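Let me give you the structure first, and then I'll get to my questions.
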């Protein structure tokens, strides 16, 4: 209830603050018998790690993960898997004035009004740093799903500010710091970022994430629809302001005669639905897009107030991503993997003994 | 877990099928002492009722609600409030062929693959009819929130297919069947619908919904962020394919220097955030937009397959909304009210004794 | 959270008051494909129905159950099963003075202090009448468990006041109104009850309930241990003040050398554990005993106070069970069935693909 | 769902194994503004620490707790409080044969059948060592409850095997290793333990635990009754086989005319109910008793089988408590505190604005 636990059957409880001693999570409900070590998790953490290019925050965090429990002799035991990441690059400085001022676009004001007391260091609990444990947990989900269902997750940047990034080649995604599926556009993106940094400003981004090899039947009919849970997971990522499935907002202008995906003996003829019908997975690719707002921490001066309600001006210096969207791709993949994993277990719980009167339509899962 | 319960502290458990004996819900966790009778709920149900104009399904359902429990001498007792709506206009016909065929854009295929057995009558559990109990529950939430916090909810249609509906006058919303805040555009919308009906096709829509007078501090920091729970609630409404908060997808192109809402002693200077920062309500208006896909049930023939995987053609006759978005406004309001209500109780649970060291900034809640 | 929902994956949400329009429940998460009709449920309701002998309340309630949803063509669909029982024998009388007075041993005072407002008619929500929907839900769980695992539930009265009832013959249980497994003792029990009724007093009872054919592996290691969930379920039954598993309180005096059940190739050599080790089922018989307090509604005058704190005297007339334990056996069976059902689905969710390196020990499940 | 999280609003997620790198927990939902440091928690951990007398296991664990998050400048922030306890005294030895054999009375067999794979070192997840994080979390709950409601918790040993321990003086409890409220009986208890250790056997115990200054109104009417949640919490403690509230099993023989506690203007005249009526706290002392089975790890040889089903003999050497009940008192107190804390927040959530029409009866809370 208090909101730091994600999932129902594959549950991840997250803890920590940006500049506290440590961050981490506890995964409860992982099936037993999965081969697991830190080496399965670290590569995913490295994908979202700060300091890997000049376009992201220069905070120097190795984000080394330690498994504290739930694994014995290299296999999960079915008991909670606690993952610990020590914070190493906390800057010791006086945060007193930060505590008194509300930075525009940040959670400072809302945390203060809600709790009456907050940790202001590096954003405290509201820092995007808290996505690291989710990326770690997502790595476990990805591994299990791949071994049991052949599921794979892939994400990329679809737009950086007003630059649309045409999808060209998935193989390019890991070769540039933007997760752009397009080599030719990378110089333009770099120039765009350099200009932003120089101007002391920031910009938004759109990320697309997909899951392939998703079992049919994931999602509950009424409230825990697969797409509803995806929307919840994505909107919960820092700075996300919009979520689309399949045709998304373009569907407003579509007609029923084009939107509804026809079925053929070889499978669905199209995927406007984005892999979900009536809240339940069709077995097609899950197609998700998210809108990420520009970083709120910018060098340009902004008007604000302090805790006594007096006007003040905020200029944020220090280490910040001019586009938080750049590191969002592995996060979005991880959150999608956690949703799919949870529903895979939920499906097995309720419908583990469903036997269809006729064989499933092989082709309906292209 | 099984997905028919919404909310954590103000919990609504929904049951029923479109053509079964009854639909309804159980509200658990309603605070005691709220004056409540069927007369508080029925008007909201009447707003989303079918058969009220020629542009929506002609199914004739009075949707009369009966309170079965939880109210004594006109006041809620704090125990579960069960609401019952009998289905009266079930058509008795042979659904056998419907059971065998998968209508494009519908949940037929996914329900069959998930459960191995399904109620095909009128869409069964996947029918939008199941939003009626949520509208009823939302009426209870609205009443409590209005009495305790002065919160008000208002929604409207922002686009019907490719017709954008400029916001003119909120007073017009209840005066036309489209919930359009604009009297001048209504004839155009009517003509658009008449043409669609004649063509046997359908179209999408965009709905906007707002909450005013929302307490500051609603929402949890990490997963049950207020906007994440709103996204979950909205994406769970039948036919919704996208959700935005505040600037939404437009934020992709915004710069930090414009997006981050400045604060002044008189309050926030703008509301790009849509009333949520760091997942927690700011006290500003909540601004939510949703994309609704075109009705999948259309008269035009569509290719599909049957349960044995053989090709077939589907033409849907009978009573259907050519735009499901038309009746979506009261539903979206209700779901938003349920999210706000739940978080109002959650805030009180954890932070009921928070006393700020200085008085809250009066102006920061415009 | 608000406490009217039982279970995690096989979830039962209960509603209603003793003298309101109706009571009932919604079962969410039932696996699809189970043959189900009212005829599967009614016999269990009839076992706990009032008015069946002179030793229980003479309230005349047929307790006829109606299935409102979740079943199509005789099979469960996997969607919520709503069960409705109309109250028919509400007595119309002035409850005004009841509302003002707190009956000793009853929930009057605590409800008033908690909620500030309560339904006093027949105990309102605190009436044992609210166990009827649980008995109905338990009938569904029993049926599924029997079909899938061969599980059977049996309960009996082990003591009525200071009369110990030696276990003689299980076949006798349905043949007397006390659920006594012993024909010879029935006249003594009847005499005991007649004397109580004459004296206007009441007495406690001890009920024993067992489950046979329970799958191995049910229960979670730390908090949702099978025995912890059983204790929760049993202590939640009206008037229960104690719960034991296996040796129970006698274990205080046992030595480790006698308590720990030895294993042999043919199975466990004894069952002091009562079928649970480390919170997880062993496959042996589950053995549960509960202590039920005497009915609080008695004719003898008792001192109390009214809402203004003034002293008063309470004498309860009307229809009451002089021993609520008499009708508790089917209730305890139902609650045990609901716990086992829930855990059967939970086991499948997490460990549905566990394959042991050697075959399970056949004999270990006697 | 997977069973390592306790509570609904004050949620504790536990992780770790007896001989893994660390154990700990995450407390989510703690109200902000509570002064908290390790010094508030360590004394409670020291009360249940091993190695403090010759009568308990000689494992040498300092059980030093580290707060990883959720506290800033000495006050809780309302975000998750992660508590870490490193395991320091893991013995490196070959556990291979332990992995193959099922010790009578232990969870070896059930873990193996459920998960197919388990950590056998020191009992792994089923070790009573996992109660340490709960004692730590309980310390936080105790502090908040004491500051906000004046609540206090006290527990003691009521029986050691067949030795009944008369309650004499609460002040004696912390002065002997048995938590016995009776100085005169301590020599007898020591002799009893010495004899057991010499015989290589073990014995059960009965613990009593009380809460004073409990707010009226805690507990939900139907399923999350306060006593049901207490029963769940207590039965979840390792080795517990029975739970009683108030009169408990003695209530079987009581008459209604003696059991129902009369009310007077000065308060309840007695407390057979043990502080709970209808599942809701009366404001009286909560009275709970639990039965703890004898330690299963004994030196005496016991018959068992191995994973291939072959007969074998088990003799357990090493460091074990001959009576696990000896260290159970602080654990039972902690679990009771966690239940009360959770319900205190739940009460505030739903009924935070209840205003009684007349003042509460002062005397009814003795």
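In this document, chain identifiers A, B, C and D correspond to the written order of the chains, with residue numbering beginning at 1 in each.
To be clear about the criterion, a residue touches a chain if its C-beta (ideal position, glycine included) is under 8 Å from a C-beta of that chain, and two chains touch if they have at least 3 such contacts.
None of these values were measured; they are calculated from a predicted model.
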Where chain C and chain D overlap in contact partners, by chain label: A, B
Chain whose mean Cα position lies farthest from chain D: B
Whole-Å gap separating chain B and chain C, where each centre is the average of the chain's CA atoms: 38
Chain A and chain C: spacing of chain centres that average the CA atoms, whole Å: 45
Averaged-CA centre spacing for the pair chain B and chain A, given as whole angstrom: 26
Residues of chain D touching at least two other chains: 1-5, 8-9, 14, 29, 32-33, 78-79, 114-116, 125, 221, 346, 349-351, 354
Chain C - residues contacting chain D, complex: 1-6, 8-9, 14, 102-107, 109-116, 125-126, 130, 159, 161-162, 201-206, 216-217, 219-225, 227-236, 241-257, 259-265, 269, 272-274, 276-283, 291-298, 300, 302-305, 307-311, 346-347, 349-351, 354-358, 360-364
Contacting residues of chain A [partner chain C, same complex]: 1, 9, 29-33, 78-79, 148, 221, 345-346, 348-354
Residue numbers on chain B that touch chain C, as the complex places them: 1-5, 8-11, 13-17, 20-24, 26, 28-29, 32-33, 66-70, 72, 75-82, 84, 114-119, 121, 124-125
